[in-house]
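Below you'll find the structure, written out as structure tokens, and then a few comments.
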Amino acid sequence: MPLLEMTNIHGGYGGANILNGVSIAIEANQIGVIVGPNGAGKSTTLKALFGLLTVSEGSIVFDGKTVTNMAPEKLVLQGLSYVPQEFNVFPTMSVEENLEMGAYVRRDSFRHLIDQVYDYFPPLKDKRRQPAGELSGGQRQMVAIGRALMTEPRLLLLDEPTAGLSPRYMGEIFDRIIAVNKAGVGILMVEQNARQALALAHRGFVLAGGQNRFTGTGAELLADPEVAKSFLGGGADHA
Amino acid sequence: MNPSLREAGLFAGLILLVAGIFAWLGAAYGVRMLVEASCYAIIALGLTIQWGYAGLFNVGLMGFVAIAAFTTVLISYPVNDVFWSGDGPWMLGQAALTLAIGVAITLLLSRSTRIGVPKGLRTALTLVAAAITYLAVQGQLDPAATLIEREAGFIGGFGLPVWMGWAAGGVVAGLLGWAMGRITLGLRADYMAIATLGIAEIVKAFLKNADWLTRGTLTVSPLPWPVPTPQELGFVASRSAYLAVTAVMIVVLYVLLERAWHSPWGRMMRAIRDNEVSAAAMGKDINRRRLEMFVVGNFIIGLGGAALITFTTIFDPSSFAPLNHTFLIWVMVILGGAGNNLGAIFGALLVYVIWIMSEPVAIFLFTNAEQLGERLFGWEAPADLYTRALQMRVFVIGLTITLVLRFAPKGLLPEKVVKYD
Amino acid sequence: MPEAGLLAILPMNELVFFLNKVVIAGLIIGSVYALGAVGVTLIFGILRFAHFPHGDMMTAGAFVALVLLWMFPGVGAAVGLPTAFVLMPIAMAVTALLAVGLDRMFYRPMRKSGVKPVVMVMTSIGVMLMMQGLLRLFAGTGTRQLYADTDDKDIYRIPLGGRDLVITEPQLMLFATTIVAVVALHMFLTRSRMGKAMRAVSDNPDLARVSGISIDHVVRTTWLIAGALAAAGGTLLALDVTLKPDLSYNIILPIFAAAIVGGVGQPYGAIAGGLLVGFSETLAVFNWSVLLRPMRPYLPEFIEIPAKLAFVPTEYKIVVPFFILIAVLIWRPTGLFKGRVNN
């Protein structure tokens, strides 16, 4: 049974529906990647999953439990965690306080988790007293992911974790994401850098116009000439 | 329900209510009530431009009303010969000259960065110049004020026709609105509310204390009317004539506003109000447009305020209890239907009638409560029970605002969605 | 000795007068503004609207203290402090609950239906009018004393040669309370889980929600703190001067000015802003001729010292916070401590 199964999701922000039948399924400990053109509804899909907009049709099952339209603060307790595309840190709070806020729902001691985040992202350790708003874009992204890891989620939702980062930082973030995944955390991420992301994906989903266009393993999608032509820019060969 | 049917029904009900009051309290009372209500309707039209059309939050209505009323007094009150024959005008002229020179120097200094003066020094110099100007003007104004108050009472007016006074009142209110708008329009909405509240308090404090200019607590009366006064025609006839004037103003304003609202300009305004972000993306200068709305709204508020105070025949700065009346007008607009001109007029008439009638009702209720309390528990009512009873009305205004915003945010006559392609 | 000579020229009388009229008075009124402005700024930061009834909430707090005073008149004498001060913690608790109740009744439904911020401001004005109406209905418009007959108002005179420096007991209590409140608030916001959550919500409400922070709890805590501090400010002000039911507008404008000067959403800024506004007011209405007169012998002949030389006549005191407000809005809309200007 998949860890997450979104079936035929419809929904929007109050006006017309943005999502017109999106289906996503991934197994535990897998990396799923959503790609697609701007405005395809990728971010909206993650928001629908995380209870940030109303799903009018379709169902979301996480870990065997139906969680359609469950409030975000409850989903956190179910083992889901979400890093938004923008504004994903608390700018006036220090790095360490950001991580503490990630652990807000925990009543137990979480010191070891903070240390674990510093292990994943060593640059943060030196900056831990510094306000997150004063960090570089890549470091802010690290804080954002670290914050989301503080609940020890089973599935981590990332919305364009490498947006606006230099290639060097991008590779570093992807490496860290793989490391997190190796440690037993499922990942579902939206990515603009489609080739690099699909290369490390177990499952890939190509969305356009609020619907699935292609679904398959990362390798299958990379190899598919249709996908390459319409969504990855250029031929499938020069990856 | 069909909106036109709804309009017809509501207005018919209102007419019945007014007819009942005429029958009960007599024509003289009824016409007076209608004149005052129509002045409030003009003010409400101004506010509906600001709030209903532009979403601007003006908490300083009574400040704008007061400044417009004062301007009317200044323009149309008879000339005070004692003042003009004394030293007063000369001394005031000197103070004005000092002010002009001081302001000019201050402005020049504030631009002095252009000739290479460092920023910090510029700011310091500007502040010093402003302070010196202020103290110098105050130093000249004080003796002038004392002299005028002692010899002439106050400076009086210019004896010009009343309609010029009203127009000037509207213009001054509009100018004050322009200044407020320039400062607060780009900031979050709350700031405008706070700033307009402040302006209203300051205008009131100024008018109340500048005796040489306004006679302060001594009040100015009788104010000249644009139509023959009751002494000449009798109450009903002269008040009816006044009502004709305000009614014509309402009709003219209504027609102009409706036309503006259905013009391309109005379409743009709605686009701005309903979707600030996309309007900005389309390259519209939102704050400029809003400033226009705010100024036009204040002009109309000033007109209505001038007409209202003229009708009462007395200019009493301490009567502008700013917030209660301000929010009475707010209730008129949101209950009537923000963004709907007809709604504003309807709301103004209805709410004013209720407001006027609520005073005897409140007193009646409290007298009964007092007697009942005395009989049942030997409760001794405090001496100021009546004034306290009237405070209940403030409570009711507040309650109405919260209830309308929550349960009927569109008001009784909701804004009609204009279809255009 | 040179020092004695210097002291002799110094117009001690006048300087002490200045200390009393400007420094102490400014500190007093500034502390009251600060206690109000902290609440306003927290509400601004977390709920994103200007809370107009805050002045009435302060008055309501003082009235709660007055009712408590009638109920337990003897308490103060037993401890040796003014009764109202001893009972103030209860008044703070009651007012805090009142604030939460008002939120439940009026603000929360609007919040849940997702209205624009400006509609929240309007609602808050509706609540302000209701509170004002009720306060005056039950309390009339006259002034009252919050000092019971059994309490005695201690006045401390510190001789400084010539005139005495005068500090009253309620003024000392006001300073003490303000300092305790500031320190406690600082500890709360930087050390406690809920305090940090409040800062998080103020920083980024969407992310706070996504992190599992319960916005409802944070909002409730905000109202509790704002209500309690408002009651403390109102009670102490009433102890120092008198209890007036229609303080409302006269105090809300300086409080807003303080919150905006300090930077919206910045509690420390609000405290600094409160003191700044307080000092500005006392400096502006101070009659500077008093300080100039002793210099008469040293000044050239042609300079006359007017009988009254104040920047602002006392009747126009309300102008002072307003001008501070306008100046800040023009030159530095984020306030001195970088608050938020946009939603």
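By letter and in written order, the chains are A, B and C; residue numbering begins at 1 in each of them.
Quick note on the criterion: a contact is a pair of C-beta atoms (placed from the backbone, for glycine too) under 8 Å apart; a residue touches a chain by one contact, two chains touch by 3 or more.
Source: prediction; values computed, not measured.
Touch graph of the chains shown: is it line, ring, star, complete or other?
Here the contact pattern is a line, an open path with two ends.
Just by CA atoms, which chain is the most central one?
C
Count the C-beta pairs in contact for every pair of chains, then give the pair with the highest total.
Among the chain pairs, B-C has the highest number of C-beta contacts.
Could you tell me the distance, in whole angstrom, between the mean C-alpha positions of subunit B and subunit C?
Each chain reduced to its C-alpha mean, subunit B and subunit C end up 30 Å apart.
Quick one: report the Å distance separating subunit A from subunit C, using the average Cα coordinate of each chain.
Spacing between the chain centres: roughly 46 Å.
Report the inter-chain centroid distance for subunit A and subunit B in whole angstrom, where each centroid is the mean of the CA atoms.
55
Where on subunit B is subunit C touching in the complex?
55, 57, 59, 134-135, 139, 183-184, 186-191, 193-195, 197-199, 201-202, 205-206, 208-209, 322-324, 327, 330, 334, 382, 384, 387-389, 391-402, 405-406, 409
Please output the residues of subunit C touching subunit B within their complex, sorted ascending.
Listed in rising order, the residues are 44, 49-50, 52, 106, 109-110, 113, 115-119, 121-123, 125-134, 136-137, 140-142, 249, 252-253, 256, 260, 306, 309, 311, 313, 315-316, 318-319, 321-322, 325-326, 329-330, 333, 341-343.
For subunit C, which residues count as touching subunit A in their complex?
193, 196-197, 199-200, 203-204, 206-214
Using the touch rule from the top, collect the residues of subunit A that touch subunit C in their complex.
50, 52, 72-73, 76-77, 82, 84, 87-93, 97, 100-102, 104-105, 147, 151
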